[in-house]
Amino acid sequence: KTRNTTGFFAAPEQELLCIFGTGDFGRSLGQRLLQSGYRVVYGSRRPHSCGPLPQGAQVMSHTAAAAQSASLVFVCIHREHYDFLETLAPELKGKVLVDVSNNLKKNLYPEANAEYLQRLIPGAHVVKAFNTLSAWALQNGPSDASRQVYLCGNSAEAKEAVSEVATKLGLTVLDRGSLTAARELEDFPLQLFPEWRLPLRLAASLAAAFFFYLLIRDVVYAYAEEGKDISFRIMVSLANKVFPIVSLIMLALCYLPGVIAAFLQLYRGTKYKRFPDWLDRWMLCRKQLGLLALAFASLHVLYTLIIPIRYYVRFKIAESTISKNKTSVFDTTLAWRADSYYSMGILGYALYVLLGITSLPSVSNALSWREFSFIQSKLGYLTLFFCTLHTYLYGGSRFLSPSTYKWYTPPGYILSLVVPSVVLVLKLLIILPCVDRTLTRIRRGWERTDPEDDTKKSLLT
Amino acid sequence: KTRNTTGFFAAPEQELLCIFGTGDFGRSLGQRLLQSGYRVVYGSRRPHSCGPLPQGAQVMSHTAAAAQSASLVFVCIHREHYDFLETLAPELKGKVLVDVSNNLKKNLYPEANAEYLQRLIPGAHVVKAFNTLSAWALQNGPSDASRQVYLCGNSAEAKEAVSEVATKLGLTVLDRGSLTAARELEDFPLQLFPEWRLPLRLAASLAAAFFFYLLIRDVVYAYAEEGKDISFRIMVSLANKVFPIVSLIMLALCYLPGVIAAFLQLYRGTKYKRFPDWLDRWMLCRKQLGLLALAFASLHVLYTLIIPIRYYVRFKIAESTISKNKTSVFDTTLAWRADSYYSMGILGYALYVLLGITSLPSVSNALSWREFSFIQSKLGYLTLFFCTLHTYLYGGSRFLSPSTYKWYTPPGYILSLVVPSVVLVLKLLIILPCVDRTLTRIRRGWERTDPEDDTKKSLLT
Amino acid sequence: KTRNTTGFFAAPEQELLCIFGTGDFGRSLGQRLLQSGYRVVYGSRRPHSCGPLPQGAQVMSHTAAAAQSASLVFVCIHREHYDFLETLAPELKGKVLVDVSNNLKKNLYPEANAEYLQRLIPGAHVVKAFNTLSAWALQNGPSDASRQVYLCGNSAEAKEAVSEVATKLGLTVLDRGSLTAARELEDFPLQLFPEWRLPLRLAASLAAAFFFYLLIRDVVYAYAEEGKDISFRIMVSLANKVFPIVSLIMLALCYLPGVIAAFLQLYRGTKYKRFPDWLDRWMLCRKQLGLLALAFASLHVLYTLIIPIRYYVRFKIAESTISKNKTSVFDTTLAWRADSYYSMGILGYALYVLLGITSLPSVSNALSWREFSFIQSKLGYLTLFFCTLHTYLYGGSRFLSPSTYKWYTPPGYILSLVVPSVVLVLKLLIILPCVDRTLTRIRRGWERTDPEDDTKKSLLT
C-alpha cells in the first residue's frame, strides 16, 4: 500500500471475490461488486442455464478452482444445497465464507443456516451478513433502511474483511457479535410489521366491539321495537359510525401515554426511574396508533362525502320535500351548529393529514428534533381538540334527550368521547404554568429529594 | 501518512483542489469541498463578475497558475468554452481533469464532452464524473438517489483519485469503465422519466379509445336516435366513465404479468429459464402502471364526489321530485346494492392509496422485503378484488338488459371487467394448494426433470 | 497498523471511548459506538439510578479513572452540571472533549456551551459536534438529513479524531471551523421552520385580509342593507371563499419570482449579475409558498365537497323545489360552463397534488434535475393555468353585472385573478420563440455586450 505518483491514495487494486450461486441475489451482488471496483468470479455448477451474469464477471463451472482463487467467498445458494459445499471443504479452508441466506419460515431448521454452514466446513470463517438486503436493493443502489448490513461471526478478522467490502459498497455495518446471533439475523427478513401488530389488534377489537354495539342499538332495535328492516344501513351508515369512533379513540390513545408519563415523572419527582414496561411499549407504538387513526378518519371522510349520492338519502330527501310541501322555518342556531361541526371536522382532518405527512420517513428526517416534536405534540393536541369538538358538536343538544338512550344504552359517539376528554383535561393540567415549570425542571435532570436521599447521593459520587 | 501524537489517524492535511469556472455548479462544489476539509482555488477569467464565491476559497484570475497549484482540476465550464483550456495544455499535463459538464440535448455534438476535452489536452487524465449531481444537491447535502456518483475514465489511478474525493464528500461511487462510457453518463441527466414512457402511452391510448367509444355510444347516440344534445356531459359524466375504466384496466395490467410469469414457470417446471423480453419489460413497469391507475382512480373519486353539486344533477333531482310529487316505494334490495357498491369503491380506493404510499421511496426502503411483497402482492390483489366487485355491483342487474346494448355495443364498464376478471381467476388457480406447492418448490430452485435432463446435469457438475 | 494474515486491512482494534453521562443521548451514543466496533466506558456519578446501559459497555462511578482510560471523551451532560468537570481538569488534559449539548432557548447563556467547557478545562481540546443528532436518530440508524454531523473546534487534530468516529458511525461530517462557530451550531436544533416563517406570515395576512373584506361585503352588507342575519355563513361559505382565493394568489406568487428573474436577465443581458436580495429570498421560499397554496386548495376541496350535506343547502334546495313546483327550462350553456368549471378545478387540484408529492424529499431525490424542473416548471404553470381558468369560469358572465359590485367593491375572486393573470401573460411572453432563444443563450453563459465592455473583458483574461 504505497502512495502513487500523482499523490493520491491507491485502493487495493482490483481485489478478487468469489460468488457461489447465480440466482437473483448472486447476480445482483456481483454486479454491485464489479461497479465498486472488485473483480468477481462465479462458481456455478450450471453456468449456462442461469440468467445473464453481469458483464466483466468470470464464470467457472469448476467450483473448487473458483473457491481457491479468492480469499472471500459469498455463498448465495439455498440452504438445501449446502451439502455440495462439503466436498469443497479442503479448498475453503481458511477462507471467509459469507452466508447471505434466508429461510422461508421461522424455526424451519434446528440451527441457523450460518451455523450449519460452519459445521459443514469447520476450517472456514463463516460470517453471516447481507441477508437483510434484497437483490433489488443491491441493483438499484441502497438507500435509507436498506443501507444497513447486520453481520455476525466468530472471527473478528473475517468480520472486518466483510465489513470492508460492505463499506466499499456504500453500506453501513452493524456488528451483532458472534455466530450465535445468526438465527436472530435470519429472522429479521421474516418479520411482518412487528411494531404494527399491537395497534392493529387494538383497532380491530375496537372496530368489532363498536360494530356489534351499534348493530344492536340501531338495526336490531329498529327490527325488534318498530319491526323495520334497516339492515342495508350496515354497509355505509353503520360503517360511518364505527370508523370515526375508532379513529377518535385511537388518536386519544396515541396521546394518553404521554400525559401518563408526565404525571408519573411529577409523582416520582425524577426522570431517572424507568417507566413500567407496559408504558414503554405503549409509547413505542404511538406512531402506529396515530397512523391507524388517520386511516380510519380518512375512511370516515370518504363515507361522509358520498352521503348525498346514496339512493337512500336521495329517496329520503325527495320524500320529505314532497310530504312537507310547505316551507318550514330556517333555524339559524342549527345552521351555526351544523356548519361549525363540519368546519371542525375538516380542520381536524387537515391537521391529521399534516401529522401523517410529517411521519413519512423522508419528511421526519428532514426536520430537526424540535420541529418534529412541535408538530407531533403541539399540532397533535390541536388535532385531538378539533376532532373532539367536532364530535361534541355532532351530539349538540341531543346529549340529554332521553330518546337517544335506546334500551338504556348511550349512543356510540358519547362512548367515543370519554378517552379524548380525559386526555385533553389531563393535558390542560400539565400546561398550567406551575405544573409545567416543575415538569421542565425534572426533564432537565433536576430531582426532588428528601434529606435521606441526599446522603445516599453524596456517597455515590 | 503517519499516526499523530493523540493516536488518531490523520487525514491528508488540507489537500488543494482547483476548480475552473465560477458558475452555480463550481461555486456549490467548492463550498462542499471546503466543508469537507479540502482547500480550494478557483481559476476564473472574470473573478469579479461572478456571484459570491464560498468563504475560504482562493481565486486566481491567472488560470495557468491555478491549474499548476493542484493535481486535480474540476472543469466546471460549458463545453463551448473548452477551447480556452487548450492554451493551458502544458500546465495541465499529468493532471487529473474532472469533466462535470452536461449538454442541453442528446446528440448535440459528435463526441462526448469528456472525450472532446481529452482530445484537446491529451496529456491530462480526463475523468467524467459528478455530472448527474445538481448544484442544489451539492449545497444541501446529498441524499438517496443523488448520493450516487457515476464516473468513467481511461486512467485507473485518476479514477481512484476522483473516487477518493467523492467518498470524502459523502457520495457513493459507481465506476462505469473507460472514457467511452462518457456519452452514456452525459445522457443520464437528459432522460425524462424513461420508465414512465410506456405506461403513460398505454394510459393515454386506453383513455382516448374509451373516450371515443363512449362519446359515440352516449352523446352521438342520443343525438342521432333521440335528437337530444347532451354534449355538455363530456366534461364530467363522460370523463367520470373513462377514468374508472382506465384505472381498473391498468390495475389489472399491473398484476397480469405476475400471473403469466407464474404459469410460465409452472409450464417450464423451472425458474432458471429467462422470461421472454416483453414479459421482463412489462414486469419492470408494474410500479408505474399501478401509480397511473391510482391517479385515474383519484380523478374518478373527485369527479364522483362533485356529482351532487352539479347543476345538471340538481336540476334533474328537482324535476323528478316535482314531477312525481308522490312517494314511491323504497327498494331495500336497491339500497343494499347501492350501498355495497359505494362501500367496495371506498375500501378499494383506501387500499389503492395505501399501495401508493408504500411505493414512496422512503417508505418502501423502510420495509423489509417480506413486508414489501406482502403489501404489493396480498393487498394488491385485495384492491383489485374490491375494485372489480365495485364495478360488478355498478352493473348490477343491468348486465342482461338488452336496452343497455345501444347500437349492439356493450357499455364501457363491461369491457373494463374483462382483464381484471381474467387476472383474478388465474390468481385463484395459482393459490390452490396443489398448484401453490409446486410453484413454491420451483421458486426455491427445484426443477421438474425427465431422466434425460438428469444425465445432462450430472455431466455439468 | 499492519496487514493481517488473510490479506485484509485491519481496523484500529477495539478503540476505547469514554462517555460522561447516562441520559438518553449518552446511552444511545454508546450503543451505536459499540455496534460500530468501539469499546465504551461510561463515567457516571450515579451508575445505578439511570436507565439500562447498552450491553457490553463498562461503567465506572469513579469518573476520573474513566476519563483517563480513553483519549476521546463524549460529554453528554447538561451544561448546568459542567462545573463538576472542573475537578477532573488534570485527568482531561490533552484529551479530546466532544461537547454534544444543546440549550432550551437561544441566548440563554453569554457564551456557547462548548466555549464554556473549553474555559473550564483549558488543557483539553474541545470539539462541538453531534448536537444536531437526536438520541432517536442514533438508535435507529441515521438517515438523510440526520446523517450530517456539524463540528467545530480549535484543534484540527481533535476535529479529525472526532470526524473519524463520526464517519465510522455512518455519518457525514461538515466542518464549520473554529470553536467560535459553536454558538451557531448550538442554535441549529432550536430553529423552528425558519424557511417557513415568511410564507406562513404571508398566507396568514392574505387570509385575514380577505376574510374581513368578504365579511364586510357579504355578512355586514346583508345585515345593513337587507336586515338579514347570515352570520352562520362564516363557518363554511366564507371560509370556502377565502381558502381558494389565498391558494390561487400563493400559487401565482410561487411562479412570479421566476418570470421576474427571467425578465431581469433579459434586461441586463447577462446571468452573471446577482439578483437583488429580495428576489433571491423570494425564490428560496417558492417550495413553501407552493405547499401552503396546496394546503389551502385542499381545504377548499373539502369545504366544497361537504356543500350538499349542509343543513343550509338542503333547506334552500327543498325550499326552491317546493316554491317553484314547476319544471324550469334546462340551460345547456350553464351546464357546459358549470361542468367545465368543476373539471378544471379537479384537474388543477390533481396536478397540484402531483406537484406536492414530487416535492417530498424522497421523491424529489429520486428524480434527475431535468425531471424535477420539468415537473416543477411545466406542470406547475399548467396547474396555475387550470386553477386560473377554474376561477374565470366561476365568475362566468357575472364579471360585468353591476349587481355583484356591492358597495362598489369587486367580489373576492376577481381580486384573486390579478396576480395569476399577470404571471401567465408574462410567462406567455417568455416562451415566445424569439424571447426564449435569447434567454436560453443568456443562461448558457452568453452575454450581450457593447464595444466598451469587450475591451474590459479582454483586459481581464
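For clarity, chains are labelled A, B and C in written order, and residue numbers in each chain start from 1.
We take it that a residue touches a chain if its C-beta (ideal position, glycine included) is under 8 Å from a C-beta of that chain, and two chains touch if they have at least 3 such contacts.
Here's who's who by UniProt: A, B, C = STEAP family member 4.
Bear in mind the structure is a predicted one, so any value in this text is a computation, not a measurement.
Chemist: Quick one: label the inter-chain contact graph as line, ring, star, complete or other.
Modeler: If you draw each chain as a dot and join those that touch, every dot ends up joined to every other.
Chemist: With a Cα-based fit, what is the angle in degrees between chain A (STEAP family member 4) and its identical partner chain C (STEAP family member 4), given to the nearest 5?
Modeler: 120
Chemist: What is the distance in Å between the mean C-alpha positions of chain A (STEAP family member 4) and chain B (STEAP family member 4)?
Modeler: Averaging C-alpha atoms per chain gives centres 24 Å apart.
Chemist: Residues of chain B (STEAP family member 4) that touch two or more other chains: which are they?
Modeler: 144-145, 305, 308, 321, 360-363, 365
Chemist: Which residues of chain C (STEAP family member 4) touch chain A (STEAP family member 4) once you look at their complex with the stated criterion?
Modeler: It comes out as residues 3-11, 13, 23, 35-37, 45-52, 61, 78, 80-81, 104, 132, 134, 136-137, 141, 143-146, 170, 188-193, 229, 231-233, 235-236, 239, 295, 298-299, 302-303, 305-306, 308-312, 314-315, 318-319, 321-323, 360-363, 365.
Chemist: Would you pull the chain A (STEAP family member 4) residues touching chain C (STEAP family member 4) in the complex into a rising list?
Modeler: By the definition above, chain A (STEAP family member 4) touches chain C (STEAP family member 4) via 1, 12, 71, 94, 96, 144-145, 147-148, 156-158, 160-161, 163-164, 172-176, 270, 272-274, 301, 304-305, 307-308, 317, 320-321, 324-328, 330-332, 334-336, 338-340, 342-343, 346-347, 349-350, 353-354, 360-363, 365-371, 374, 440, 444-445, 457, 460-461.
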